[in-house]
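Next come two complexes built around chain A: one with chain B, the other with chain C.
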Partner chain A sequence: MAGFLLRRLVNYVVLALVATFLAFTLASATFDPIGVLQQRNPPPPAASIEAKKRDLHLDQPIPQRFVTWMGGVVQGDFGRTIADRPITDELGRRIGVSLRLFLIGITIGILFGVLLGVVSAIRQYKFSDYFATLFSFILLSTPVFVLGTLLKMGAQGINDSIGTNVLIFVGETTPGFQGNWFEHLGDRLQHLVVPTLTIALGQIAYYSRYQRSSMLDVLGSDFLRTAQAKGLTRRKALFKHGLRTALIPMATLFAFGFGLLVVGGTFTERIFGWFGMGDWLVTGISAQDTNITATVTLFVAVCVLFSGWLADVLYAALDPRIRVN
Partner chain B sequence: MTTSEIQFDTPADPVVEGPVLQVEDLHVSFPSEAGRVRAVRGLSYHVSPGEVLGIVGESGSGKSVSSLAVMGLLPNSARITGSIKFQGRELIGQSDTELSRIRGRRISMVFQDPLSALTPVYTVGDQIAEAILVHRKVSKSAANKRAIELLDLVGIPNAAERAKAFPHEFSGGMRQRAVIAMAIANDPDLIIADEPTTALDVTVQAQVLQLLETAQEVTGAGIVIITHDLGVVAGFADRLMVMYAGRAVEKGKVDDIYQQPRMPYTLGLLGSIPRLDVSEKQALVPIKGQPPSLTDLPPGCPFAPRCPMVVDACHTAEPPLVDVDGSLEHAAACIRTNEIAATDAEGAEAAVEIFGAEVADEPEVAKIPREQRDVVLGLDELVKEYPVNKGVVFKRRVGTVHAVAGISFDVREGETLGLVGESGCGKTTTLMEILNLQKPQSGEISVLGTKSSEVDAKRRFAIRRDMSVVFQDPMASLDPRLTIHDCIAEPMQVHGYSKADINRRVPELMSLVGLRPEQLSRYPGEFSGGQRQRIGIARALALEPKLVVLDEPVSALDVSIQAGVINLLEELKSKLGLAYLFVAHDLSVVRHIADRVAVMYLGKIIEIGEVDSVFDAPRHPYTQALLSAIPIPDPVKERQRERIILTGDLPSPANPPSGCRFRTRCFLHAQLPPEKQRTCIEVEPPREVQAPDHEAACHFAQVRQVL
Partner chain C sequence: MTVILNEGDSAGTTGAASGSPVDAAPEPGKAMTRGRLVLIRFMRNKLALVGLVLILGMYLMAFVGPLLSKWSYDTQDYTAFLEPPYSEHIFGTDKIGTDMFALTMRGLQKSLIIGLLVALISTTVAAIVGAAAGYFLGVADKALMWVVDLLLVLPSFLIIAILSPWFRGKSWFLLVLMLAAFQWMITARIVRGMTLTLKEREFVKAAKFMGQPARKIIAKHIVPNMASLLIIDATINVGSAVLAETGLSYFGFGVQSPDVSLGTLIGLNAESATTFPWLFLFPAGFLVVFVLAVNWVGDGLRDALDPTSTRVRRKEKKDTKEKAAS
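Moving on, here comes the complex of A and B:
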């Protein structure tokens, strides 16, 4: 089993390299940072443009630039931005911001999504099922920026009725906040609630649909009947035998949902002013910055491939039928 | 088996006087788009302690629904009225929590499909232990220990080790044993077995039936066994109840029902079963039409539209179940029971008389001696192996599955060869190789004298005209989006028939298989299983083939429908001079339809020959065991028969035993002195002529009569 997972991991490293190389090449070929520089008013002196070209290795062919950049990455140096700040310094903070938002969001999404899906399946064609279906479809068809804005308005309403700013929806922390670690934690939580809810609601809607159909498949199964025939009550049989089996096909969804969300959350980050990875990608592209774009791509590739690996692990843990010896 | 370690009530001290189960006027209905489906309509029966009641009926007769009602396992949408008393206590209206205390402890159930009856994610041991833990306050380790004892009791070798295995690591027969272990774990007073052997191979079926008898002996429980197979219950049940359209139409002692059936439906059922123990050509009784829809039953007897004895009075009111022949224990629901009683013939013969069944004529070509007829299909030492691979990134071959290990046979013009064997023996692989028409890995396939290894794509296409196939599952083998006309026309279009020819031929084919040409514009979904199989046959006949390959063509059909399809196949064979390769696991059907039979075991043909010779005087121990495992629908004969019970399951074809492949399960081998045993272990037995047109591959072949 360990060997199997290790071999998978090696595969993934190669895939991540390929993905990053493609992104790097594409960005290098289309971006024109010097053009942006030349449009400044007054135009910068020719000497400094030449210096910038050298700094950005624009005199080298693209594959060579990639090798140079990758050489740095291996040593933990992701290069510098066009504004000449080291990417590595910002990377850790931005990953932290994104992960905090999405790990909590997706965990809540999975828990409540599964629960809602199960209830929906067990009470198929009853009021609660119709209600859950309606709720999910409305959320799934609402764009994130609309949902985010609506939640902002809702939070504002709550704040107004209470009289203080309980729910803060700009940034991930109050700039210049003073206090001990406990007060810091409180401050961050206040900032966390609304954006997390934005992520979680969409995820709940998404997972509940899949969980519902996977649970419905299991509801008619013979083994559930056997469990009841043994003397388990219906509720106990449903959870111990039914849900446990119905979770198996969800493993892939959970894992990849996480991997894709980390960049898919760009809108949420922009709406709430969180400087995470999704936000950075947009910033990088608009600044025509190859290094930022390639770094974010590498991060996304690692996330997606890690999800794939996680899906394998989850699958093996949940389903004895596919365990590899 | 060690029963001593496990505590069970002795059968001698029944807990409660009177019947264990008393069902009175049970009605069950479900909502559906077409109106309420009245699945069970006024059913009454009882089961006494230690008694075995057989419930027989076709699919949709309400037999499973009524027993699920007893267990309280019907969906909430079901409306249940009447009375179900278990040991005097009313079960209808009890809450799920109350019922769950009885389920698994006092009443337990064995289900039809062992492959899906166990939760895939928990070990078998845990699932059995769970059955104990929900009812008794014992420690987890004590429950596990008892689970192992139970597995041992139901005959799982190496029980302690196997208890840790997951269900997918068990074969079908072993899983059914595990389900039975679960059912007897708490020493129940009633065991309901719902088609417990239907999904199993015959040899395993015999093992499981024997095990149920053992279970009945150790627990002293009453047993309700539900089946569509009149053979299964003949030797096992004490009393029988025949169900039709949600009601009991006949009930009584097993012997009475088999010998003096008094309801035309029971007669039809008995007459529709091909008999393993009858060598002369037997006429099979097809019951025309199909069971009625249970949403709006017309007044009168629900069987009337299919009954050969129907009179006007049958349509006025539904006949009640009344005692017949002056016996209090035998009742039938028919207004003409006296007339049936007046016929001289008994059982199936009476059915043939009343239903007017006929034996199909022999085809013209059959009059020519076999040796002089053309070989339609010839297999010579055909081999098919599959690699067993391991690893995901770097695949490496770790073994070989010898699915077909060198088989030879031929099928001649106008003859039927039955190919039989347990699942996993290589029947289907052989069939696929024949249909593929590619160059085999080794050996040779020839169709009408053309060798498959020597043909190009164009010639291969032409050969396909002469060879067609009918598949097992009539539901899945027709495209639901094509009309029947298009389904049947497709092979002709592919082979470039003109439009005019196709439009002339399709209605002809419909009439040929006994369907009305007016129905051609309908879709497969509008037809019943039996009708769809007829459509499949029409499609197979479209190109006027010489050879039709039939892959279990009747095994998915109800018995009464099955008889009609078998009769049709025989009639077509005689009319069109077809040759059939008939792959089946049901030996009774093979005996009825085949001229010759080939028995396969682990990729080898171990016995082949003229059907009566093989069935009446089998030489190979495996054939003897197979034949003896098949129940005969005759209670008297069935009780006297001595079964050869094969131990264990089919060995893996990836690692077949050395020498004779059957020796690991062979009862003959086990009795041999060591030096003779060595021959079995070291030398692979060749196929040797035993009698005219009868070969067997056994070093110590001897005739043994098992029927």
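Moving on, here comes the complex of A and C:
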């Protein structure tokens, strides 16, 4: 069991390294920061362009640049942006912003998604099932940037009808906000509701579809009938034997879901003006900044792989057959 | 992660490879072809029919609509800036006086073409590569599995976004190729899994022992046997390609001006959506309805083509139970 998890972990670390290397190489090969610099008006002097080239290690071959950068990363130094600011300064705060969005979003998404899926499986072809199906079909067809903007419009409507700004949809906190710890928490919550809902709704739809079909498979199974035949109540049989088995495929889906979440998070951060990792990626690519892009890729890779590994752990916890092997 | 994909593979395999459909007993004295059976089953699904009508309607509208309108996307009406919809401009106008209906139709055209092309290319590639990997196994097979794993870690959205400075100012067809290049892998894995079982079947072995070359066996015996899966997949891929394209275009990483897609329109107008909702709602509405319609059709096709899929099987079970009870 420990061996299995360790093997998976090593596999994931290698994948993360390869992914980051690939992103770094692609970014180095396509980005042209000097070209951006030269288009400035008035054009910068040749000497400062030369200096910039040296600063960005553009005179070295790409693999060597990657080794230099990775060497810094191992020591906690992610290099400098084109504007010559250390990436490490901003990194912690941005990761915090993104992770808060992701973790709350995915927790709500999984909880309600599984619940909705189970309910619609148990009440198959009843009104609530049709309603849940329609709801998730529409949500799955609505890209995050449309959903986010629609929720923004909805929040504006609610604010207008109440008369005060209850739901704030710009930024993750009010700049220069004064108050005690409790008021700060309230301020953050006001900012949190709409963006989190944007992330969570899509996740709920995504998980509920899979949970429904996996629960349906279990509902028709023999062991559930046996559980009831030996005297368990239907509720107990459903939740103790049925739900646990139906959750097994979900554990592995979790890893796929996380990649989706990261991309969705990028849109959400841009729409609501949160300065997180997704926002940084878009700024980094627009500024043709290799270091920022590679740092964000590393973050994404670590997130996806950690969730993949967590999925393996959950899988092992839920399915005894894995533990035996 | 490997665990799941393998499971998905086997599920797909048992799904389409098992016997012929048995429901909807043919009328006595009249032989039912498979095509007719599939058509009947598809027509039974109301949502799928609605979806099909919507999709055809939108393709028609995107290409015929602009001809019927008196405004074009490159002319401005200097008497109407930022007007909400009214009789003259049914979708309103933007801040330089361009008719939103003309713009939306132009965006819709581009998004629909991109979606269709990407789906066709990626499904074709998936069928060829997946079948070849499954048939020959070996190094190509290992490489394929590994690339799919890698793509989970490095989302295609990220790769195309990174490469976007490179195709800026070039033809939008490059974007089509990029989108297709990252969409075929997961289907290829499912195709590979199905090939593994198909190649053990008698008819494939017979063809092999009769001296057919591998290329012909794949083209004539293996791929046609996965037609259902490929049709469903191509349909769903149109939807996901449109979503991927609009997502990239939203940030300016996809379709570049002077081309317009639904994504660029939404990205341009999302900021002002709370004050000038019509600029945002029309392109966004078309996008959502199109993807929804594609998903409905995909679902309907799955039920019609693949009799072992959960939904139909359960419904039939229920029907037979009810019949037995009555």
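The working rule: the second predicted complex is superposed on the first by the 316 of 325 C-alpha atoms of A that agree within 3 Å, B and C clash if a C-alpha of one lies under 4 Å from a C-alpha of the other, contacts with A are read in each partner's own complex, and residues count from 1 in each chain.
We adopt the following convention: a residue touches a chain if its C-beta (ideal position, glycine included) is under 8 Å from a C-beta of that chain, and two chains touch if they have at least 3 such contacts.
Here the structure is a predicted model, which is why all the values come from computation and not from measurement.
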(message) After the superposition on A, what does A:72 contact: first (chain B), second (chain C), both or neither?
(response) neither
(message) Can you tell me whether chain B or chain C touches more residues on chain A?
(response) C
(message) Contact-wise, after the overlay, does A:320 reach chain B, chain C, both or neither (first, second, both, neither)?
(response) first
(message) Just checking: does A:33 make contact with chain B only, chain C only, both, or neither of them? Give me first, second, both or neither.
(response) neither
(message) Touch test for A:304: chain B only (first), chain C only (second), both, or neither?
(response) second
(message) On the A-aligned overlay, A:156 touches which partner chain: chain B = first, chain C = second, or both, or neither?
(response) second
(request) Could you tell me if A:4 is touching chain B, chain C, both of them or neither one (first, second, both, neither)? (result) first
(request) Please indicate which partner A:16 is in contact with in the superposed arrangement: first for chain B, second for chain C, both, or neither. (result) second
(message) Can you give me the overlap between the chain B contact set and the chain C contact set on chain A?
(response) none
(message) Show me the residue ranges of chain C that touch chain A in the complex, using the header's touch definition.
(response) 1, 3-4, 7, 149-150, 152-155, 157-159, 161-166, 239, 243, 246-247, 250-253, 266-267, 270, 273-274, 277, 280, 284, 287-288, 291-292, 294-296, 310, 314, 317-318
(request) State the interface residues of chain B toward chain A in the complex, per the touch definition above. (result) 71, 73, 96-97, 100-105, 108-109, 111, 113, 116-123, 127, 130-131, 134-135, 166, 168, 179, 182-183, 186, 392-394
(request) Enumerate the contact residues on chain A facing chain B in the complex. (result) 4, 7-8, 10-11, 221-223, 225-235, 241, 244-245, 248, 318-321, 324
(message) Which residues of chain A touch chain C once you look at their complex with the stated criterion?
(response) 15-16, 18-19, 22-23, 26-27, 30-32, 124-125, 137-138, 140-146, 149-150, 152-153, 156, 213, 216-217, 220, 249, 252-253, 255-256, 259, 262-263, 266-267, 270-271, 281-282, 285-286, 288, 293, 297, 300-301, 304-305, 308, 311-312, 315
